[in-house]
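Here it is: the structure, laid out below.
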Amino acid sequence: MSDLKVAVMMGSKSDLPIMEETANILKDFGVGYEMKVLSAHRTPKETAEYAEDLRKRGFKVVICGAGASAALSGVVAAHTTLPVIGVPIDATSLNGMDALLSTVQMPPGVPVGAVAIGKPGAQNAALLALRILGTENSEIAKKLEEYKQKQRQKILDISLN
Amino acid sequence: MSDLKVAVMMGSKSDLPIMEETANILKDFGVGYEMKVLSAHRTPKETAEYAEDLRKRGFKVVICGAGASAALSGVVAAHTTLPVIGVPIDATSLNGMDALLSTVQMPPGVPVGAVAIGKPGAQNAALLALRILGTENSEIAKKLEEYKQKQRQKILDISLN
Amino acid sequence: MSDLKVAVMMGSKSDLPIMEETANILKDFGVGYEMKVLSAHRTPKETAEYAEDLRKRGFKVVICGAGASAALSGVVAAHTTLPVIGVPIDATSLNGMDALLSTVQMPPGVPVGAVAIGKPGAQNAALLALRILGTENSEIAKKLEEYKQKQRQKILDISLN
Amino acid sequence: MSDLKVAVMMGSKSDLPIMEETANILKDFGVGYEMKVLSAHRTPKETAEYAEDLRKRGFKVVICGAGASAALSGVVAAHTTLPVIGVPIDATSLNGMDALLSTVQMPPGVPVGAVAIGKPGAQNAALLALRILGTENSEIAKKLEEYKQKQRQKILDISLN
Amino acid sequence: MSDLKVAVMMGSKSDLPIMEETANILKDFGVGYEMKVLSAHRTPKETAEYAEDLRKRGFKVVICGAGASAALSGVVAAHTTLPVIGVPIDATSLNGMDALLSTVQMPPGVPVGAVAIGKPGAQNAALLALRILGTENSEIAKKLEEYKQKQRQKILDISLN
Amino acid sequence: MSDLKVAVMMGSKSDLPIMEETANILKDFGVGYEMKVLSAHRTPKETAEYAEDLRKRGFKVVICGAGASAALSGVVAAHTTLPVIGVPIDATSLNGMDALLSTVQMPPGVPVGAVAIGKPGAQNAALLALRILGTENSEIAKKLEEYKQKQRQKILDISLN
Amino acid sequence: MSDLKVAVMMGSKSDLPIMEETANILKDFGVGYEMKVLSAHRTPKETAEYAEDLRKRGFKVVICGAGASAALSGVVAAHTTLPVIGVPIDATSLNGMDALLSTVQMPPGVPVGAVAIGKPGAQNAALLALRILGTENSEIAKKLEEYKQKQRQKILDISLN
Amino acid sequence: MSDLKVAVMMGSKSDLPIMEETANILKDFGVGYEMKVLSAHRTPKETAEYAEDLRKRGFKVVICGAGASAALSGVVAAHTTLPVIGVPIDATSLNGMDALLSTVQMPPGVPVGAVAIGKPGAQNAALLALRILGTENSEIAKKLEEYKQKQRQKILDISLN
């Protein structure tokens, strides 16, 4: 299970502290991933080429984190038929609402699955990617079940007294 | 390719005109789906049981459409480890912003991939589900590529003169 | 008046500093309460069972604090016929607007009474629960009247010179 | 069970089509109610006096519907210690967001339980009032349970084929 | 010109640092004012009585600062026919948007003139009150003209080199 | 009382149906007014000159209605020391939120009193102007009191049975 | 002055009724333009190539209209160094706020000049393009001055009596 | 290339730290600019005169930064036919949303090209001005192409390992 399965892209190096949350969960699940900074606006060609090559390089899912007018996930979805997950990042004075709307309000035909703004979204992007991989990989599916049980147990172990 | 692959849930029968957009695309791709009205608030147990059974019934992806305080996709994601796609529906005076935030702002640990509000989102939910299926099913992947080319051609065929 | 009357639930331990505002007021009024961390998304079954048992355990009111896509109060309201009060908590970059809309925009049939975002709401949730108890308990009603007078006097005692 | 239990107030006669949704549910449950148009801004004294008399007249719960800068529920809550439920009404170009924030963002000390904007909220206001009455009235509690079962059954009876 | 002309009310002592901006400008103009903490929700009667007496006590204008569900200016406007200026105060997680909408979206019949959220608004409330006084008081009108010239000169004196 | 007292300006002829609400109330009170279409953006000089002349022409108050980026009230306030009331008009897809923020969020030094978006605001602008005039004109003050009583009576006369 | 100077792009044929407002003004000024439907998401390559060729084809300005997650203007700006003007189009339930934020909140390095949502913006996009052309073309500059005078005169000719 | 080409205006000296971002980029490109603090509200005449003189002084583009009810760019656009770029500045509790809407929602006839809120917008304002200058100045066009390549290279040089 060490091949590259998930591409974790981000529009700027300043998104790294958020997108490392994604990487950490993928690492914990033992799923191979590649992190890449590519911008829909500053490196449009490289972004297009990178997205176009993902399927043939064996990737199964793409996760794109971007802030402001967050075009990255949509542009990547335009250049691949792999499932694309968008993480809106709070990078301006508008608290991430700009990135959320840019990420989620995709026109019909080019789908992006958006998760929550910022770190919770970055974590859930990894988990959603794992759920996608888990549709065919029973080992990942089993680990997701265990993860769910651990989360559950953590809550049940809380004692307020 | 006629088995049930995608569960298309919705919180109310009034969501049907939106969610039929999802069904139509799945039908066009020849992918088996099941439509089901179940409410996180009015039929919580049946929703939980339905979600829990999805994986063993052979489903690969769940799509949930809901308006207002749209809890359905999150509750379904809590009861399965399959990938869940949420379609926020514009069902109140707030233009779907309530459904969008309820759907997308999931806490870490329980992922939902949100698409756009209303019909464009319902269509993209189907396409995202197909992209997920297409990670392992080369026939679907091929059809997605063709769909993309048709979309592209439709734009290129537009003549403004 | 020492029996358990009010269940104070929250979706995450990080909500505790807010929900302690609720507890403090209930304590001051000498009303029995139970605090419980249970998540609509991470412990859905335990949440359902806990909510279902509340009435037979003698509780009269439930208060639920949750942030982000705040499904807790709605899910609890789905599993009990006791009155449910929702406290939206500011837990994301969106300043609690996500939690507010998720809490208040309940579909018809499953009511939640929402209070303000954060600490003011947590305090008012306790006072609203006390008003509910005070509809039948004249001692609590009397204490609420005194509380109101004290609040009034506090304002009147302010001297700006 | 025919005494007056619930006061249904509204700030303007134009709110009546919304607030009749509240009345209809109370009527269906056989609970006595009184409807009253009184404005926090245009009849402040009569509003204050009406609110102050509610408890001694035997009312248990107050429901207040108002649009725009919806001060009614807060002002009523200031003049009684009964539980107050606020229904924000979409009466301006802002889709009810003004009424929602005015209703729900009460300062600490004077609680209002807000429900959803418009008709869904007006219906839930009745149901929340009934849940409050049902904390002590087992007949109402039983009817609420039956209502819940009917709602559930309605969903389960939907056939999409 | 030392009589009391402007009443400067606020809903909570925590609003004082904002409303002192109002007071400072009135003081600079030599206009008599009275500051008063009174709450629409916690001291409704005293607020009503205070507002009702303002005209006969010789006041010409009322300024009301309040945050959250900012009912003060509207309630005061309901109890007097003097011009009322509302200062929305940023007192919750919603950045003052709640106070702004509560203050400005008054229903027809009971006017409030709203100024900007927070300190800029508190300063402009004083200046608007002075403009009102200046409609009949030529000394104040002259001082306003001088103030305007001073503001203008301050800008013109800025050297960026 | 037939002299010109209130200038009613608007940025576009399309604002007339809203601003006639202002005119109608002024007419009912027998207060002289002048209506004028002048744009901060399309007739900046004429707007400036018109505003500058208002005081010497005997006007006491200016009311400015404008939509979109509603600069009119602020620009008029910059060219006079008379009190300026701004009516935000819902003239774009943003429901008047753009006009509201442009009107109310004035920087310190140049005050505008904003009223509600659209017709309710246009009516209240007239009433606020009358309250300003009524600070020195006891006849107007008396009429405002009567108007208030009529409004009150209208509410009290409503019978819901 | 009949060469092609302005490229008027739009993301979907449904944007045409809006973008024709742009074309009409350019036509009135006698400035050559080319209208083109190309989508950042559905025809990414053709969009990139079209944008890249614009300068060498002699165009001076690009105007891009798009709704929802409006990536077109940003993507075009990424592939040319010509000035790009973005027209946000109201194409979803969110009233164009999604398109506005996607268009205007560009990250540093890739500039887009955004105009208002919908038709007013489409008209102003043409005028802004003309102002850009008018920096070097004195005939256009003169026509802009005349246009301004006509606009001014239109306002001054309005008679409200 | 040392003549004054770009006027960089701002409404208040407190906007300087933002607008220096504009200046720095213009300086790096060797393009002459003039910075000026002038307020649409506090120095309306000087603002009008300054704007009117810009074309004859040889300026080609105007950039205006302003916060709150940001009237500066619109007022400047009303007094010149040069292209005007507006930078909304986050100067109030509303995170710059007020300045953004005031800047971008210009009525038809008077165009302003708005860029992002704050520093990213201030930088892009400079780049958009340079693109405008570059339509006729091939040296600037060449530098813009190099700038773009440098930006691209910066992204490509990022190594995450």
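Order of writing sets the labels: A, B, C, D, E, F, G and H. Residues in every chain begin at 1.
Note that a residue touches a chain if its C-beta (ideal position, glycine included) is under 8 Å from a C-beta of that chain, and two chains touch if they have at least 3 such contacts.
Just so it is clear, the structure is predicted and the values come from calculations on it, not from any experiment.
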{"item": "Listed chain pair A-G, A-C or A-B that repeats interface D-F [over half of contact pairs the same by residue number]", "value": "A-C"}
{"item": "Length of the line joining the C-alpha centres of subunit A and subunit D, rounded to whole Å", "value": "43"}
{"item": "Interchain centroid distance [CA atoms averaged], subunit A/subunit H, Å", "value": "35"}
{"item": "Centre-of-Cα separation between subunit G and subunit D, whole angstrom", "value": "49"}
{"item": "Per-residue overlap in subunit B, given as positions that touch at least 2 other chains", "value": "12, 39, 42, 68-69, 92, 94-95, 97, 104-107, 109-110, 116-117, 120, 148, 151"}
{"item": "Set of all touching chain pairs, with the criterion as stated earlier", "value": "A-B, A-C, A-G, A-H, B-C, B-D, B-G, C-D, C-E, D-E, D-F, E-F, E-H, F-G, F-H, G-H"}
{"item": "Residues of subunit H that touch subunit A when the two form their complex", "value": "90, 95-97, 116-118, 120, 148, 151-152, 154-156, 158, 160"}
{"item": "In the complex with subunit G, residue positions of subunit F that touch it", "value": "12-13, 16, 35-39, 42-43, 46, 68-69, 92-95"}
{"item": "Parts of subunit D lying in touch with subunit C, wherever the complex brings them together", "value": "55, 60-61, 81-85, 100, 104-117, 119-120, 123-125, 127-128, 131-136, 141, 144-145, 148, 151"}
{"item": "Complex contacts: residues of subunit C adjacent to subunit B", "value": "11-12, 39-42, 44-45, 48, 67-69, 71, 74-75, 77-79, 91-92, 94, 97-98, 101-107, 109-110"}
